Structures are given as C-alpha cells and as structure tokens.
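Read through the structures below before going on.
Paired with chain B in one complex and with chain C in the other, chain A is shared by the two complexes that follow.
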Partner chain A sequence: MRIVFKTDYMQDIRPWKDGYQLSLYLILLAVVFAAPWWLDAFYLGELTNVLIWAIAGLGLMILTGHTGQASLGHAAFLAFGCYANVILIESGVPFLVAFPLAGILTGIAGVTVAIPALRLHGIYLAIFTLALSILMDDLIVLAEPITGGVAGKYMGGVEIFGHLVDRWGTPEQFYWLVLAVTVLVTLGYINLLRTPLGRSFIAVRDSEVSAQAMGIDIARTKTVSFALSCAVTGWAGALMGLYAGAFNNETFSVVISIQLLMMIVIGGLGSIHGAFLGAIVIGFLPQFLSIAKEYAGALFGGGTVAIPGLEFGIFGMILIGFILFEPMGIYGRWLKIRTWFELFPFYRKDMFKRQKSYLKTERLR
Partner chain B sequence: MDNAQLLISGLANGCVYGLIALGFVLIYKATEAVNFAQGDFMMLGAFVTIGLTNTEYMGLPFWLALPISLGIMGALGYLLDRLIIRRLFGESQTAVVILTIALGFVIRFVAGLIWGHEPQTLENPLAGKEVRFGGLVLGMEDVAVIVVTVLLTWGLYVFFSKTKLGLAMQGASQNQLAAYYMGIPVKRVQGFIWGLAGVVAGIAGILFAAKGSVDPTTGLLGIKAFAAAVIGGFGSLPGALAGGLIVGVIEPFASRYIAAGYSQIAPYALLLAVLIFRPHGLFSQVRVKKV
Partner chain C sequence: MSLLEFENVTLKFGGLTAVNDLSFSVEEGEVFAIVGPNGAGKSTVFNLISRFYDPYAGQIRFDGHDLLQVKPSGVAAYGVARTFQNIELFEHATVLQNLLVGRHRHRRTNLLSEVFFTPSARRQELENREKVEEIIDFLDLQAYRDKMIAGLPYGVRKVVEVARALATDPKLLLLDEPASGLSVEETTDMRWWIDDIRRQMGITVLMVEHDMGLVSGVSDRVLAMADGAKLALGTPAQVQSHPAVVEAYLGKAS
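For the complex of A and B:
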C-alpha cells in the first residue's frame, strides 16, 4: 500500500501524482521509443497503426469521453485531415507546415459542424454525425478535381528537413514521427484536463443544467471541444493517409467512425489510457484472430477457413460483453484491480458503483 | 404517367423505410432508447422467413411460415430485452446506442454464417403478379407493402393512444419512477415493446424480401430509416410513416432529375437540413427542459 503525502496545493494539479508514477511513464516512453530495436518490421508497422488509432481515439475522447457528445461521424474528420494534408503537400507546402495546418483546418471544419449541432442532444447528435460521415464519402467523390474521386490519391513519403520519411522505405523514422505526434497530443491532452476549459468539458458532460448554473457558457464549451477534437482527429487522419499510402473515399467509410467510437468505449470512456487500450484491441484483434484461426485449424485438422465478417462479429461480441459487465472499459477494470491491491484488505465490492438514474423524458406528448 | 410510376415505387420503398422507422419509434416511445440494430432486425426477419419458406431450405407453405417467423422475431426481441437491454436499466442512452450498434455487427455476422452472403429473394404467392390501374402497372408486392404499412401504422397508433397498455407504455417512457408509483410494470412493458418491435421488424423484412433481394448487409438500410424517423420527430408513429414516405419518394425523383452522384446524397442532405432547422423533427414533441 502506497500513500501519497500532499504537502503543497500544487501537488493536486501536477500532471503526475508522484515521482513513482512519473518514472513509470518515463520507462514506458523509453521502451516504446526503442521499439525499432526490439520489434521486427511487421510488428513495428502494426505498432505504428495502433499509435495512429490512439491519436484518433484521443481526438474522439475529448468530444465523447470528456464533453459527453457522442459522435458517430469522426471518420469524416479523419478524411478531412488526410486530404487537407496531402493536398497542401502537393501544392508545395513543406510537411512540417502542412501537417499542423491540416489539423487546424480540420478544427475549423469541426467548428462549422459544431454550430448547427449545438442544439442537438444524445441520439440526435449521434444521427447527425452519422449522416455527416456518409455525406463525406459522397462529397469526396463529387469533389473529384481536388480529391481524385474514386481513384483516390497516393502519397508515398514526406520530406522533413530534406530527409525522406516513408512508411515502407524508412519504417523506423515514420514510427518515430507518429510517436512524436502521439506524445505531443497526449501531453497536450493531460494539460487540457488541468485547465478551466478541460474542467468545464467534464462539467458539461456530467450535467448541462448544473454546468450552466455554474456560469459555464455551454455553446462555447461544446464548440471548443468540437474544434480541439476535430483538430486532433485531423492529425490522426493525416498520419493514417501517410500510413496507408494510397487512399480514396472508401478508406474513411462510416464503419471507421463506428469502430472509432466502439474503440474508446472498450478502452474506457473518459480516460486518456482508454484511447490507447482501445487502440491496442482494435490494432491487434485481426492478427490475434488469424493466429487463433491457424491454431484452431491445426487442432481440428481442417485447413484455415476464411469466415467473412468474423472480425466485426467478434468485435461486436467483445463490445456487448464490456457494456454489460464493465461499462468503464479496460481502464476501468484495471483501476479496480489496482485499487484492490493498493487498499489490500479494505477493498469493497461497491466502491466503483455508479448511481443509476430513472428515466425522464423531455417529450411532452 | 412516368412520374406517377416513380411516385408509386417511391411510396412502396418509403413504406419499408417507414416500417423500420416504426420500430425505432416504438422503442423510443416506450423506453427513450434507440435501437440502432432495427435495420439488422429487419434483415434477420427476412432471412428467417426465407429459411422457413424457400424450397432450398425448409419449404413450408408461405401462410404457415408467416406467423411462425413473426413469432420467432417477437421472441427474439423479447429475449434481447430480457437478457441484455434490461441489464442496462438506468444507464445512459448512449450505452444503449453503442450496444445496439454492436448487436447489429453480431446479427450481420450470424446471418452471414447461416444463410451466406448471396442476395436471396423470398418465394411468395404475390411474386410476379401485377395490377393495371389506368395505365399504371403496379406489382402486387408494392400494393401489399403500402396496404400493410398503412394498416399497421394505424393499428399501432390506436394501440398507443387508446388502449390501457399503450398509455402505460407512454407513461413508462415519460417518467419511469412515477410510472412505478402508478403501478405500471415498467420492466414487463419494456419487454413487451421490444417484442412488438421485433414483430414489426419481421413484417418489414418479409415485405422487403418479397419486393427485392436481401443479403446480410441489407440492414444498413436502417440508416435511411433514421432519416425517416428524424423527419417524423422520433416520438410520433404517423410521423415515422410520413418521414419514410418522404424519403422513399425523394429517392427515385432525385435519381431521375438530379445529376448522378448528387442524387444519392439527397436523403442524408434532407436529414441534416431537418436536424439543423427543426432539431426535433417536423412533428416536434419537445420543449426546453426546465429545472
């Protein structure tokens, strides 16, 4: 059992709890930074993919996990960021300028979406964003002169200070680029949660009425949340485009939107860890399934059979299991396990129990 | 004459959207949750009936298979509530949304496993028959779809506004706790409504499979039914039907008169426009929340 003695008010607002926690994360960072030396090229690529999904998950987490606005349309912003980045680079802007700009442009796009969406709640917002994601698919096809339409676009590598960073040619450098973006976004996110803005996000999530009573401008808070969320998602989209190399309107279909939302639910809504844990599940599930299938094939004598839709079926079942038995996701489960050890003999079963509320409609008829 | 033909086929399609939307509205009206798997339910209903009727499967007579498959769908809806949804009692709406999306994935996977991924049609006594009506040629299936949908919507509307059970359902959705105090068995009511939604999805699936072919991804049609339900205002049964008809009629006219590429976005553009300008639908039932 470890006890943190608080001797200073600054300790409450520091990003890390104590030196022990800080050193754990520094060790994790060092291990991940050294990944190219202890992983082969294939798994390094997979890890890069996981990090990119984690960035996208962080983007959605700001909006859904911390502001409580469920979005089923973030693939639209992934697509926006991806196309903005590539089009800027193609028109001669260097990558180091184009990349941040792509995120900022996506953030602006997010604000233009947020303004009409401000009046929508819960299910209506989910449907609005779902429709948006479907529309984006068609819009990319329609805007063929800019986006290349169904044929799509191709972006091999990017130049940073005259040094070519390419997913296939130089996977290590590409991995470090993605890792750098991940670390920067994560640090920004941790900092955001310490600011009045981040606190007001959480207040809006927990109760709009009481947030308003505390003097929070709900419309402004939601708009800023949309902007930040979409900007981060745009960066993830730009990296996703570089990772995929070639992409078209179907790369960012509505299924990706749904997958992204489910990913952060599995990981744990409302926590930064959740985005990473969910991304690991999403990233390694296909590999895990193919290994399991080979194993089952060897065990029962039959060859490996391709079952279409298996991945999504399993994914759906995992998700249903989590919502029923662990609504706080993988991170919630980890918190419970850790608390059990930290408080060893004193852990109670109902410690994390959430208050249930009875339903009251806003309809009158 | 051409336009009239387009209108009729649009109405028939719109009725299917309307029927899926009815399923959304039923569940929304009674439990304030939205079943994102309603489209997949429809697909499942179609496949269950195909599995019972078509000669390559069980080959039962159509009129015998009909009540059996509706019974199966109703039971599935009830069991779904009993085993899964009821555990979420008191959780947020978003949890139910995500759960039903996941359920849709699972249903699509299971249907693909059992019935394969090839498009299939339902063998039915109406297939191939036509009605000629003043120069218009109508398929019997289209006529059946329109008639059944209108009757069903009317019946459900009367059920909700006139019968004791229907009023109990409305009460249960408006304020669960107060409904408990009034002696309404809220949980049983919720189970019943999920069963009813299963039956409605079964009817929609049978009509859809009689009109055209179904495959496991047909359920994604549910997204268009969202447009129908949103236009109708999510809490109104006639509104859902009206919304379905609007979406259904817009589609063939858009693909005829608007350039290709722009036409398929018409229903979604309409959906966005309604959400932006009338966020609670054309048949609104919501006022600003007061403390």
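For the complex of A and C:
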C-alpha cells in the first residue's frame, strides 16, 4: 500500500498525489500522443471519435455529475456548437478564432436556456431539456438560409496557419487537434474542481439549503454551470461536425442526448475519469458488437443478418446493469478494485456502501 | 446596539401562525438559547434569519443591516452561519471539501482566474486551507480530514457541521439542536466547544436546544417559546422556574 506523507498544503492542492501518479499520467499522455504511430488509420479515427465524445461527456459531467442537474438536451448544444463553428468559418473567420467563439456562443445559448430552467428540478428539468433537443431539430430545418436545412452542411477541413487539417486527408493532425482540445478542457476542469466555483457546484448538488446558508447563490451557480457545460459541449459539437464532415438536422438527434447521459452514468457520475471511461464504452461498443456478431455468425451461421436496434438494446442492458449493480459506474468499480489491492487483505465488503439518510431538512419552498 | 434584533415578527403559513409577534434581541458576545416544546416555532426563527421565509410582518436586523433586504445567500456575507437540525452536509464530498465550501463567502477570484488557476487563485486556496486547518485543530477533526461525509458516524457529522459553519468566519453562529442525538460524552464536548467558540473566537452563539443541562450550563440568556410566541426571557434559572414555562411543558396544576 502506497502512503503519501503530507508535509505541505500544496500536496492537496496539486492535481496529482505524488510523483508516481504524475508520471503515470504523463506516460499515458505520451502513449496517446504517439497514437498515429502505433494505430492504423481506421482505429485512429475511432480514437478521435472517443476523444470527441469524452469532451462532450466532460461538458455534461459539469452540469449533471457535479451540479446535479440532469439534462437530456445536450445534443442541442452539440448542434449549436457545430453550426456556429462552421457558419463562422464560412463567413471568413479563421478557425482558431471561430472555434473558441463557437464554444462561447454555445455557452451564452446555455445561459439563455438556464434562466427559465432554474426553477425546475430533477425529472422536470430532464423533460424541459428533452424538449429543447427536439426543438433544435426543427429550428435547424426552419433556419434553412443559415443552416442549410435538411440538406445540411459540409465542412471538409479547416486551415490552421495556412495548414489544412482534415479528418480524411490528414487524420493524424486532426487527431492531435482533438487531443489538444481534450487536454485543455480536462486541465480547466481539474482547476475548476480545486477552486471555490467547482466546490459550489458540488454544494448545490448535495444540499441546496445549506449551500445557500454558506452564501452560495443557487440561481447564479446553476447558470454558471449551464454556461460552462454548454461551452464545452459546443466545442465537442464543433469537433464532431468536422469529424463527420457532413451533417444536417438529424445528426444531433435526441438519441445523441440520451447516449451522452448514458455515457456519463456508465462511466461514473461526478468524476473526470467517468467521462473518459464512458466515452470508451460508447465509442468502441459498435465495433465490439460487429466483431462479436461476426464471430457468433461463424459459430452458429447466419451472422450477416442485420438486427435492427441491437446496439441500443445492448446499450440499454448495460445501463440497467450499471444502475442495478454499480451505480458509481466504471470509475467507481475501478476505485473499489484499487482499494482492494491497496488494503489487501483488509478490504471490507461494505466499504463504499452509502448510508441512507432518511431525515432530511424539510424542503423549503 | 444589539447584534441581532427581532421586532414584532409574525409569520403565517395560511391560517397557521408559526411565529406570533415575537421580539427579542441577541447581544454581542453572549450565548443565547431558545427553548420550547415541539412546534413552538424555534427552528422557524432560524429559518427566518436565514431568509428561507419572508415574515408576514415585523423587522429583523443584524449588525445594523436590515436582513429582510437581502437574498438567502446574502445572509452569510454579513457573518451569519448556521447548522441544521437534521444535518445538511455535502454528502459526497470530503470533510475538507465541506469546510472549504464554508470559505466560499471570502472568494475573491473569478471564473477565469479559477479555470486557469492563476497565482492569486493558488494564494487564495492556501489561505483558505490555513483557516480551515485552524478549525480542524480546534474541533479535533484531524482524523476525518479526507473522509467522505457519507461514511462518517452521526456524532462526527454533527461536529463537522459546526466546523463548516465556523469556517465561514461568522459573527453570529446559529446552532439548531447541536446536541440532539449525541451521547452524554459528546454533549459534554459540545458544551465546552460552544463555550470556547464564545470565549476564544469571540463569536456570538444563538442556539435552539432541548437538552436543559446544556442550555443552563452554557447560555447567558434563554428565550422560552410556545405556539410561536414568547413565554419568558431571562437567565436559565429564571426561565426554568417561570410559571408559564412550567405550564407549557407540564400542563396546569389542577
């Protein structure tokens, strides 16, 4: 068991526990950075996709995992970011300006949505945001002159300092672009969690009454959370648009919203790791399924038959499995396994069991 | 001038009068206790101070400010901190994080300096940590610093809640039944802590409590309430022997 001897407050403020942990993450980063050299073009594309989903997951994690506001409408913000980015580039704004701006605009859109949503809790907020997702579909069709309507839009590649970065032409460079955004967003998220704003998100999630008594303005905190969440989701949407190349009103459907929410629940709510682990599951499951289907087909015959809805059926079953058996998600399971090894042989079965508290201060208003 | 003043405060929920024309004032540096049977309106008084309810009539002033002019989240900024009867901690966070949330009212950084973790954000974190460590030392919470609230025993949670309120650096500390559910030893500890909070930290304490041992041991003045109205106000001994208080608890001698 590794025991960190603490002699300095900075040891708790730094994002890593000790040099060992830091070197592990640096090695991971180096390995991921070098992916174009050890992965073929197809899997590099898949990895890019996973990273984009992870960014979107981080966006939703801010709102749902840390502030406790369920959203079933984040596909709308993916769409907003995607269209904002492409429309800005088409009107002559260079990518390096258009891309950050797309996120900021999505954040502002998020605030506009947050203001009426502030009064809603739990399931009602979920319904509200679900409606938003459906509405976005129609809005894109209605705003045809700007968005291209049902025909959609096409964006091949983007120019960075006169250098063309294209998902198909130069997949390595597009991958590095996505990786850079992922790293930056993750670092910002880590900083958020170790400063007052991130803690006020957690406070609002766990007890609004006492957050208020500590001087946290609930409405403002939720609005900021919406803004940050939507901005990050907007960046993910912009990258998703570039990754897909062509997109229209149906690219960012309600299904994407639901998938996003499922992703962070499977990964583990309330942790940065959860967004990444969930993205890996969501990103690689289709490949895994098609490989498994081929294998099963070779074994039993008739494997080439397409089964409609198979992917979603499996997704659904995985989600139900997690909610029943591992509500803390993959990251929670990992924590348990790690603790088991660290404390061996003193791990107790109920170590992570949460006590139910039945007495709660009467909900005021 | 008194630190906290209630002036003819009335609160009605529909036809029910929860607080009826209540006036009292808490002086700086004292421990002031509110006692009364269940449903007397003691916790409602706290919720009025926290601005969770708007009074139907009357005035509440704190330290020269009209409390009725601020939002619920603005009360802490004046230096009022509180605990809750049924413990309202941030369950899925560590003790340290809970206490750091208490420092929120001293936040000087903004969104951008926090996302980029500028030197000023780092300085603020170190300052907050130092303050929080003082509280941890004061209340003997060192062993629980990095523990999740969800796994802590009830007695410790109760202390953590007091610690979180102290971390805000308050002028007035509201304790809603600090000893409820505590063992005899823990109640004794709580009694000394309340005494130290007043003497060492110079914080005025207003508490609601049923344990008369704790109330008479630690408080300077006691307000007895029944059905939302004031029954008696005075030293613990005066209030305990007041005929109206005896009647409210035990009934009229026939």
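We adopt the following convention: the second predicted complex is superposed on the first by the 355 of 365 C-alpha atoms of A that agree within 3 Å, B and C clash if a C-alpha of one lies under 4 Å from a C-alpha of the other, contacts with A are read in each partner's own complex, and residues count from 1 in each chain.
Here is the rule we go by: a contact is a pair of C-beta atoms (placed from the backbone, for glycine too) under 8 Å apart; a residue touches a chain by one contact, two chains touch by 3 or more.
Keep in mind it's a predicted model, so treat the numbers as computed, not measured.
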Fit-or-clash call for chain B and chain C when the two complexes are aligned on chain A: fit
Contacts of A:Ser207 with chain B and chain C, given as first, second, both or neither: second
Contacts of A:Ala30 with chain B and chain C, given as first, second, both or neither: neither
First, second, both or neither for A:Val141, with chain B first and chain C second: first
Touched partner set for A:Arg119, first chain B, second chain C, both or neither: first
A:Gly215 touches, of chain B and chain C: first, second, both or neither? second
Which of chain B and chain C A:Ala131 touches, first, second, both or neither: first
First (chain B), second (chain C), both or neither touched by A:Thr195: second
Angle at the Cα centre of chain A, taken between the Cα centres of chain B and chain C once the superposition is applied, in steps of 10 degrees: 80
Which of chain B and chain C A:Gly309 touches, first, second, both or neither: first
Minimum distance between Cα atoms of chain B and chain C in the superposition (Å): 7
Common ground on chain A, meaning residues reached by chain C in one complex and by chain B in the other: 209, 357, 359-361, 364-365
Residues of chain A defined as touching chain B within the complex: 70, 116, 119-120, 122-124, 126-128, 130-132, 134-135, 138-139, 141-142, 209, 254, 258, 261-262, 265, 307-310, 312-313, 315-317, 319-320, 323-324, 327, 356-365
Complex contacts: residues of chain A adjacent to chain C: 9-10, 12-13, 188, 191-192, 194-200, 202-203, 205-207, 209-218, 224, 228, 270, 354-355, 357, 359-361, 364-365
Contact set on chain C toward chain A in their complex: 47, 50, 52-53, 71-77, 81-82, 84-93, 96-97, 100-105, 107, 109, 111, 114-117, 121-122, 124-126, 129-130, 133, 150-151, 164, 168
Chain A-facing residues of chain B, complex: 28, 31-32, 34, 84, 87-91, 93-95, 97-99, 101-106, 108-110, 112-113, 117, 173-177, 216, 223, 226-227, 230, 234-235, 261-262, 264-265, 268-269, 271-272, 275-276, 279-280, 285-287, 289, 291
